[in-house]
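Order as written gives the chain letters A, B, C, D, E and F; numbering starts at 1 within each chain.
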Amino acid sequence: MAFVFSSAFRKQGLFVPFLNAVRGMSSSGGPTPPFTTLSVSRPVDAVTHVEICRPEKRNAMNKAFWLEMVDCFSQIAEDSDCRVVVFSGAGKLFTSGIDLMGMASDILQPDGDDTARISWNVRRTIAKYQETFSVIEKCPKPVIVAVHGACIGGGVDLITACDIRMCTQDAWFQVKEVDIGLAADVGTLQRLPRVIGSRSLVNELAFTARKMYADEAKSCGLVSRVFPDKEAMMAGALEMAGEIASKSPVAVQGTKVNLIYSRDHSVADALDYMSTWNMSMLQTQDLMKSAQAAMEKKSLKEIIFSKL
Amino acid sequence: MAFVFSSAFRKQGLFVPFLNAVRGMSSSGGPTPPFTTLSVSRPVDAVTHVEICRPEKRNAMNKAFWLEMVDCFSQIAEDSDCRVVVFSGAGKLFTSGIDLMGMASDILQPDGDDTARISWNVRRTIAKYQETFSVIEKCPKPVIVAVHGACIGGGVDLITACDIRMCTQDAWFQVKEVDIGLAADVGTLQRLPRVIGSRSLVNELAFTARKMYADEAKSCGLVSRVFPDKEAMMAGALEMAGEIASKSPVAVQGTKVNLIYSRDHSVADALDYMSTWNMSMLQTQDLMKSAQAAMEKKSLKEIIFSKL
Amino acid sequence: MAFVFSSAFRKQGLFVPFLNAVRGMSSSGGPTPPFTTLSVSRPVDAVTHVEICRPEKRNAMNKAFWLEMVDCFSQIAEDSDCRVVVFSGAGKLFTSGIDLMGMASDILQPDGDDTARISWNVRRTIAKYQETFSVIEKCPKPVIVAVHGACIGGGVDLITACDIRMCTQDAWFQVKEVDIGLAADVGTLQRLPRVIGSRSLVNELAFTARKMYADEAKSCGLVSRVFPDKEAMMAGALEMAGEIASKSPVAVQGTKVNLIYSRDHSVADALDYMSTWNMSMLQTQDLMKSAQAAMEKKSLKEIIFSKL
Amino acid sequence: MAFVFSSAFRKQGLFVPFLNAVRGMSSSGGPTPPFTTLSVSRPVDAVTHVEICRPEKRNAMNKAFWLEMVDCFSQIAEDSDCRVVVFSGAGKLFTSGIDLMGMASDILQPDGDDTARISWNVRRTIAKYQETFSVIEKCPKPVIVAVHGACIGGGVDLITACDIRMCTQDAWFQVKEVDIGLAADVGTLQRLPRVIGSRSLVNELAFTARKMYADEAKSCGLVSRVFPDKEAMMAGALEMAGEIASKSPVAVQGTKVNLIYSRDHSVADALDYMSTWNMSMLQTQDLMKSAQAAMEKKSLKEIIFSKL
Amino acid sequence: MAFVFSSAFRKQGLFVPFLNAVRGMSSSGGPTPPFTTLSVSRPVDAVTHVEICRPEKRNAMNKAFWLEMVDCFSQIAEDSDCRVVVFSGAGKLFTSGIDLMGMASDILQPDGDDTARISWNVRRTIAKYQETFSVIEKCPKPVIVAVHGACIGGGVDLITACDIRMCTQDAWFQVKEVDIGLAADVGTLQRLPRVIGSRSLVNELAFTARKMYADEAKSCGLVSRVFPDKEAMMAGALEMAGEIASKSPVAVQGTKVNLIYSRDHSVADALDYMSTWNMSMLQTQDLMKSAQAAMEKKSLKEIIFSKL
Amino acid sequence: MAFVFSSAFRKQGLFVPFLNAVRGMSSSGGPTPPFTTLSVSRPVDAVTHVEICRPEKRNAMNKAFWLEMVDCFSQIAEDSDCRVVVFSGAGKLFTSGIDLMGMASDILQPDGDDTARISWNVRRTIAKYQETFSVIEKCPKPVIVAVHGACIGGGVDLITACDIRMCTQDAWFQVKEVDIGLAADVGTLQRLPRVIGSRSLVNELAFTARKMYADEAKSCGLVSRVFPDKEAMMAGALEMAGEIASKSPVAVQGTKVNLIYSRDHSVADALDYMSTWNMSMLQTQDLMKSAQAAMEKKSLKEIIFSKL
């Protein structure tokens, strides 16, 4: 199983000892330095596996997590050896959401001399947390998220920022925020309605905080695949990741950039952007290499594309 | 069954004798003063039930209806004793849509000295009718609509402006407008495509005016729940309403405001608005009360939240 | 079977010998002059049938096709005898997508003295190809697309620009572009996410280029009807087209214009546009004619609406 | 001097005894019933003159003012006898801005059980005050504002919502809000940058709260005319108003609607809206009447246009 | 004076006998075939001069004009020998605007069986006329417009779609439309407020239809240069055109595309588009050639840039 | 002259030895560690002075500059001791723009295996450079820029991102980019048209690259103040900065945030954002303190506002 440190990492003079990670997914029993909440590995060539890894805390999102996500995905964005990301949770469930205990000071006791100043600081904190998941979108590599067991509160914010969602048969999802007295503010209210097709269902989930199980998640389109158990799901996720990684990175990453662009713009604007994007991106060897593979009926896995 | 007049109503010096309504849902056999087309009651604490109530006219939407809706939902928006609204139709069906006979003068014989002036007046009339359903969205309290029997023409405009849709097994929906020679102009063409996930289906319904029955309505996401009959549906609607009403109104109403905001803005804009919204809204006792209830495993129904 | 040359065609002094087409759909065995890739006929009064017709080349989209589509739909937009369009493919499958061989020079060997100039020319080419499908949206008449067999690459771009999609049980769809080294740039990435409700599925299709079969296409909402075979589908498409063609063209075409407008604007903006649109469009005899037919329980097929 | 009560006023059953106003502008020494802060008159046929009229309080904007403006301009919008509005201030200056003393409770002691609830109420109050000036824009009749002496704080918010600004040589303008500890929130920050051409100047005015005098106001484009004194200015304003009032109301009011629309939309969107607007508005007798007057070299003042 | 037929023109097999034009600007005494209202010449290398040329009709815009403008600017957009356009009017004034007599049928007697159908046709006509000036913006080459004498009605619509405006001392401008009973609908209301900095002035001009003379046009920013007479202005325009034509066409035309893009988008969106644009456009030899010329203190007129 | 290290700087554990800077503006003869291109000082309480400081290189923007600007303004944004920024250039002129020699590798020899990959890298570089000036806008403190001598190319990009512009009588401005073969891509084309009122002038400057001198810069609104020489200008800038710094930071910074927000949104959206912003920001002691100072006719300089 190949593993090469990204030159981008090295250029920045960062010390990123992913050594444990090299041994692959199954053996990574805990957080990997320098991250304390994320375990990062390369199970398959060109595929990065990121695992939220606080199993003893039900993968609750603590202060470190919010910061490490930004670092992790910024590095992945720059890592030309990575073409696809698989994201999952270690232990018995995907995530129990925000770690209220560990973050009480930020949320429940914000700083400031008067209400205006407290608000000012609260806003900056929220914006920072929002960025934690927006980095997933800004990273041009497709992110497949694989959910097992519970995916609660902040977990839903996280998965709606990913590109492809799959889950196990025992998975359930819960937009929990109203139950703890707040409107969800790090992405669910903004992204969930764009991710599934039934607005009545989105509203029901957000207002009642009820659980949604795997079958409903599949039929409403939140996930596009359901697997019998975590092992099967991870195999499925890695297989899909490997498949995507075998294709031209110019094609795949251009696709992600334009899919996200078009979500937030009119069709006319998005078409214009697309033509301006592809006016240079069509000038790639990958086009010829891919076309030739197609004509020769070769698998793209046999083709070597330059790094991007 | 508790019922308290909204102080907001009283402060405004409005005389709102909802007396008949007090007796609750089942007993309200007809329109309630001062409304002639709407019956308003409080079947459950903090839940307002609004019923379109012209059963002898198949709940057709006449001139009075268009005006009364605005008054009714403006009052509900201000009524701090109401946290959730259930909307349904009296009699055998939800609504047969616009009352063509009763409104012919407005639509078929508009006023004006020349085409330009007639058009000017027609535009104002349409804008006024559009407002009739937009008030449902502007009201920050979740609105659950429960449909039985037929929901035709203007009825579809109405329900797409509600937050959660449910129906009985015998319900059917019809975007009727093309059949009477006009493009639907009070909301269906604008909201239906954002409410269900299949654009091909939206177009088919709008161009053919065919009926869609409960099962298809459920599978396409127009409704999120189907009940065997009206009684079961009303019980289900009230239960869901009660559930939502038990949660922090700061959380629930902030959720509605931001869900609607995010529908009409880019994700980046909507996240920015969200953080600006929550910078003050997180400074609520509800957060602590809710968090404590969660830790003590108490039901939120045991918690008393201040009015909003 | 009625067939009348559009007066709009004649006024423009265009020589449009649709003679073969007159004989109707089943007999049209090949491309019709002056089009070499499209066969155009009028199988039913007020319904235009456009068929992509290069069966020996698996209906691959060659240079002529991209230009002829623009001409064809511009003419249809002006043809007041046409109220609905049915689009399908001749031969064994709908389309195999872009004709790479036939278009290699445009795409693989663009002109220009340096990278900037090549890019400039590539951008114009892409924009021109995008226009090929955007004309379908700009044409105010509903376009029903009927897919059998394969619908690959450019075929998906094409069908997402149509209004109603139906397919046969043996149909399959493939967003093929990443497999040939490019991000899809003539509409799929912009329109597919607005056409079906599951974003996870959209992304999966776009990143993996896997095939999607009829059942999944139906359950995700890409198509709204599935038929056992092509014959049944064409009959179904023509029946639906005839149904739509029987309704007021003012109502139907105003509906299309506003459905597309509302896709790209906020609800508030789209409502405003709608009222400005209908201030004149309600001043039509069609309203009275339709209302009267409704009251007399006549079929709209018995009513004669003026041309539009 | 002609004066006719608007039939719109009468139809609504409102008792609007503008009797003092009839005597014209100069003699109106105080507020006119039923308004306590506004004096409304018709100095010239088809021209409504609205005067902020609390001279003993330097025309400070008190609670009544904020409400009365909405009523006043809503009535004007419906009043088909009015085609143009002139707005000015009674006494020694235009306005000293918000009446802090009279409004302290709203602003300094807002209601609510916790910060979230206080904020909720504050937001509603601000939105209501914003509406006070937005009604000026929503009223389709051109509003000419004539400023003399001081125009401070809320006064700048007000005038930026008007269509044409003129002032006396002794006038000065001050974006005062930062000096009392708040960001201007009823329109200045939103409209001033769209009203004058130098963003550096806008920022300087908003950050320093310095006074700007008539000459600078003219050279930067805030006002388009400067007059030696109030008498000359009022004569100039009424002359311009009379001029505008003599033209087709279909043309003039359509111009205002589209000028404001185009401010907030792209050029492409605004052109589309314009064509949809004029498709009916060109079907007016006014076009023929105006064209004929032009050919016969008659003044438009000799032409009688139907009311709008 | 150099003159080379555009290869683009020839490639398209169009017969464009600009023979009269060859003799240059001053000698072109009338319309040039195949255009009947426009005279097109190449007075300076890489500069196209377009002249509206119906001096005996005060350059009024007749039916032919509206069509020819589209053809003319579409050809210029494709003509790689043209880098800059100068637009002016033949005879005593720039243009008296729309030729009401010649176009009465389109505007005053539109076709259609009922109001809706008439409106439908009117809308298409307006859209077509709007396109007449929008082509100026879509043409990526800078267009300098030189105005002498009167510029009335449609003339203002035209010049606001140009990039650089200059005029003679005796020029005046008039937004004439309200005087003939309509809201200006081919661009003035959409573009004028984005072209000059004083909104009060824009409104005054549009509501009163008063004349604005050269000095005010300069001080408000409508024109950026005023010349004593037409001869001096044409010399100035050609000099500026020659100056611009000497620079890299990749740089100049990319500048126009992005200036117009940024007018209609947020700064963030426009910056993103800019970087996507320049990612290929910086890969031009022009950069090196220009940099070298700068270092060697050569004039750009000595540099030969490839055609674009 | 007071100078206090920002606690924000210290909290972050950054070593920021602004020692030379302490001695104030006039004595700072060169770049200050850890910045090599920027000199940062605190000449007046709560005012940060940032000076581009490569006088021997005519303040050309080299690689270090682009990075240091981001660090510098990010720190200023967090520095609660700073309320206003003054930006100027050391030595004989403001800046000669981009340091072509020092940056040739980035711009002229970008990395990548094919055109697509080179473009990908170029885009990231441009985006990074754009961020260099966007940080000025994201910093909520007003930035006054003081220009003397030349302001060329990148200098114009920089100053258009500042809030208030002033210059000396001998200053000149030049949008230089077309002269070196590229469209300006780090902000000028996006911001300049929003900063001055004459679009004709913007275009002329961008297409011709001609110099604009102080008087024209003042009359077109690019700068709002012109001073006889640099000494007078710096005194004026610091005086204005001190004035702004004396006001409530809640008011001033909220003003900046909303002015920039409103530039990129419709008036309606911007008003909504404003009310959502101020619902908490009005709950500040600054309001009471400022109001009291106003009533007691005290200068705000005597008031102590809490830090923000």
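Note that a contact is a pair of C-beta atoms (placed from the backbone, for glycine too) under 8 Å apart; a residue touches a chain by one contact, two chains touch by 3 or more.
Nothing here was measured: the structure is a model prediction, and the numbers come from that model.
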Which chain pair is joined by more contacting C-beta pairs, C-D or D-E? D-E
If I compare contact pairs by residue number, which of D-E, C-E or B-F overlaps with D-F on over half of them? D-E
Here the gap between chain B and chain C, centre to centre from mean Cα coordinates and rounded to Å, is 36
Computed distance of Cα centres, chain F from chain C, in Å: 51
Multi-chain contacts in chain C, i.e. residues touching at least two other chains, fall at 115, 118-120, 194, 196-198, 219-221, 250, 263, 265, 276-277, 279-284, 286
Residues of chain F that touch chain A when the two form their complex: 113-117, 119-120, 250, 280-286, 306-308
Spell out the residues on chain F that touch chain D in their complex, using ranges where they run on. 142, 163-166, 194-198, 219-225, 240, 243-244, 247-248, 250-252, 254-259, 262-263, 266-268, 270-272, 274-284, 286-291, 294, 300
Report the residues of chain D in contact with chain F in the complex, numbered from low to high. 100, 107-108, 110, 115, 118-120, 122-123, 126-127, 130, 134, 137, 177-185, 187, 189-191, 193-194, 196-204, 206-209, 219-221, 263-265
Where on chain C does chain D make contact in their complex? 265, 269, 273, 276-277, 279-280, 283
